Amino acid sequence: MLTELKREAYEANLALPRHGLTHFTFGNASALDRARGIFAIKPSGVPFEKLRPADMVLIDLTGKKIEGKLAPSSDTPTHRRLYLAFKQIGGIVHTHSCHATAFAQAGRAIPNLGTTHADYFFGEIPVTRKLTSAEISGDAYEWETGNVIVERFLKDSLAPLDLPGILVNRHAPFTWHTSVAQAVEIAVAVEYLAHMTFLSLQLDPRLKPIEPALSAKHFSRKHGPAAYYGQASSR
Amino acid sequence: MLTELKREAYEANLALPRHGLTHFTFGNASALDRARGIFAIKPSGVPFEKLRPADMVLIDLTGKKIEGKLAPSSDTPTHRRLYLAFKQIGGIVHTHSCHATAFAQAGRAIPNLGTTHADYFFGEIPVTRKLTSAEISGDAYEWETGNVIVERFLKDSLAPLDLPGILVNRHAPFTWHTSVAQAVEIAVAVEYLAHMTFLSLQLDPRLKPIEPALSAKHFSRKHGPAAYYGQASSR
Amino acid sequence: MLTELKREAYEANLALPRHGLTHFTFGNASALDRARGIFAIKPSGVPFEKLRPADMVLIDLTGKKIEGKLAPSSDTPTHRRLYLAFKQIGGIVHTHSCHATAFAQAGRAIPNLGTTHADYFFGEIPVTRKLTSAEISGDAYEWETGNVIVERFLKDSLAPLDLPGILVNRHAPFTWHTSVAQAVEIAVAVEYLAHMTFLSLQLDPRLKPIEPALSAKHFSRKHGPAAYYGQASSR
Amino acid sequence: MLTELKREAYEANLALPRHGLTHFTFGNASALDRARGIFAIKPSGVPFEKLRPADMVLIDLTGKKIEGKLAPSSDTPTHRRLYLAFKQIGGIVHTHSCHATAFAQAGRAIPNLGTTHADYFFGEIPVTRKLTSAEISGDAYEWETGNVIVERFLKDSLAPLDLPGILVNRHAPFTWHTSVAQAVEIAVAVEYLAHMTFLSLQLDPRLKPIEPALSAKHFSRKHGPAAYYGQASSR
């Protein structure tokens, strides 16, 4: 069942090593059918070059496995937590991409220092608080990982499609969007933004974020009702 | 019409991802027929791998679309502004290449620290001032982006072929030359110079630019009446 | 004899340049048959592209050459020293990979700053003391290189499979595991961890290691009796 | 004439972009027939992908062109100066490789921080003094570039095969060895050493060079009468 959904998730998972975002079995992507409340996710620990579309595991939003011979990604509860909290999203990507993970390891948000950033994120790429020892050591570590992401968005009333990604403190980035293909594009952008911003901060550690007008201009140029970037037919 | 001009612009646009200067739909190149006052430019938001020569949009120097089914790049007014101000140029390239954009985000010119730089630029690669909120939020943001470039050149009486590129503050580099193929080569050079100069400044943040004699020697070795680099037939 | 062991060692040696871990004749890998006390190792100074499985040299744990027309890697005594001391290991890899070697040159351990690290190493990647002039200049330099590795593990009662690699001070990394294929994966991970950790330390030179609970969680998620990462059949 | 010499120079020139050491028309390599006093060098300003073996230009050690339709590299006088001063060398390579050039631009020698370095250079990779304005602006700029290299070696009685390369201040590296193929390998090593050493110095700007015993051990392991690295037949 849901052959097309599994194919979307499969294609997104294969895109991760192709974009240099992940190695070996690291990283995973999932695609959600919101109407049915079922998502397709990568099986755990299978090398990307051995994946087939039929290997994708189907899970419903209560956490029950619907279809699949293999165990799903160990990060499945994190994906489920995000799908439950962020009603607008249809795909999630998790990587350990080099520069973005370096910011996560340092516990630092990625500030909005230029128009490339503003094209994708309406503000800094946030970072979660650290998990507590109890959250880490309990039986629901991956669910708690989702919880600290949701908590960060609730705390400042952030909008998941204005800020389609986050850094989990000491861990790595998660990205999302209306489709998993777009979540992959955001994951590529997060790594590229992390790289450029790292370099800019080395040149000047006290750089301030760009002006609100510039941030608003570039985000609205690509997203929302006033968008004029790209072809009208594809907006 | 202008099939050859469209092909030149097309080839230049394809060269950008091949040189690692751009991803997804970022970046654009245009080629001008100065006699007719018409330039060919990339359509907006089309992925590089889907471009065809016939997709290039023809625009005249008053800003009117002459031919093309697709909407032109949203940066078209910036290109037009530069063609109007810099009479010697025939091609323009815009990228968000990693190291050059890092300097732009930091609002810093790229100083002339060695002979590689001096082979391409007769002095530092300048940076514009920031745009004002009014310039950003009005209807002519991309035209104003061209304006701050021209303003920077007028302010210090800079010569566009001595300094065939600039960093737009908080944004990214633009390069140009007599042909769009040469503008691509300058765009590659700007990224490479930004990378090397970043590293040199990490080794010694107080490095001074090279001596004027060395700058003049290398620039004149490759450009102008006393050039002796390359084959006489191709100078 | 031991055709399969030689093939394993051969495949591991070829994987090193493919993963960008080594150039020219640098780096080497060996595979041990613990029951027979014989290991297969790369011949010295042969470029990777010219290697054949039959070129692997067989050496026993007393240091005697058992089979092979070519001289074994000059680092053979280091491998032998490690096989004698670490009873659980079946494969060793030595590279001069860029970021890991940069830490070795600086005489610094690679601190555990995130979950990517914790997936592979249960604690920091240690660094040896420097060799003394006598150890360097004597006839057993490569054996002494093995000795300082073993000494570092004995000093703090470290477990070779909890910390499957080390940096030799002023030199470069060695990694190991139960099989040489896994030692290659660790070598890739060490380079990647060194790169990310370098970046994190540039962002904040005073970063502290991750909390013990997080380190334990990620290591035990992948290794040992409570592992739940990957498919049960392949654990 | 000298078909084999031209082929050697040609192969070395092609190796430069393949190793990522150069772009466009930057960089050049030459091979010397010491008995005849003639060297084959790349023509000036020809892109690497268009080079053919027959394009190599033959120059004798008095500077006279012996054969070739094209103008030789503008750096030809630098090559000639080095062949005259360093009697043991048979090939020279010049690149603007990224990390090595960053050190040259900063006017800094590359210190010997590890055994990878010690395998190739018996001490730091030196840097020349800056050229004077008179040396730069006169008719013999490229010859004077060779002169400051030779001057640096004479000043400290350095041996060209112990230190088979140098950084020209504000410019870029030159390397050499008994054959041009080996000079290419040194050029690759210089770039790799510059990259690793840059990273080590970022981790600790006050790092001291390695101990003389370690430097001597690694250099003599690969070079000279006591060498035991590689196969006896190929030493």
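The letters A, B, C and D name the chains in turn, as written, and every chain counts its residues from 1.
The rule we apply is simple: contacts are C-beta pairs under 8 Å (C-beta built on N, C-alpha and C of every residue); 3 or more make two chains touch, one makes a residue touch a chain.
Small disclaimer: the values here were computed from a predicted structure and weren't measured.
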Report task. Average the CA atoms of each chain to get its centre, and name the chain whose centre is farthest from that of chain A. Result -> D
Query raised in the report: In whole angstrom, how far does the Cα centroid of chain C sit from the Cα centroid of chain D?
Result: 33
Query raised in the report: What is the distance in Å between the mean C-alpha positions of chain A and chain D?
Result: 47
Requested in this report: List, in ascending order, every residue of chain C touching at least 2 other chains.
Outcome: 202
Query raised in the report: Considering only which chains touch which, how would you classify the arrangement: line, ring, star, complete or other?
Result: ring
Report summary line: Per the touch rule above, chain D residues touching chain C in the complex are 113-116, 185, 188, 192, 195-197, 199-200, 202-204, 207, 210-211, 213-214, 216-217, 221, 228-232, 234
Query - Residue ranges of chain C touching chain D (in the complex, touch as defined) - result: 23-26, 43-46, 70-71, 74, 96, 98-99, 101-106, 108, 130-131, 133, 136-137, 141, 170-172, 198, 201-202
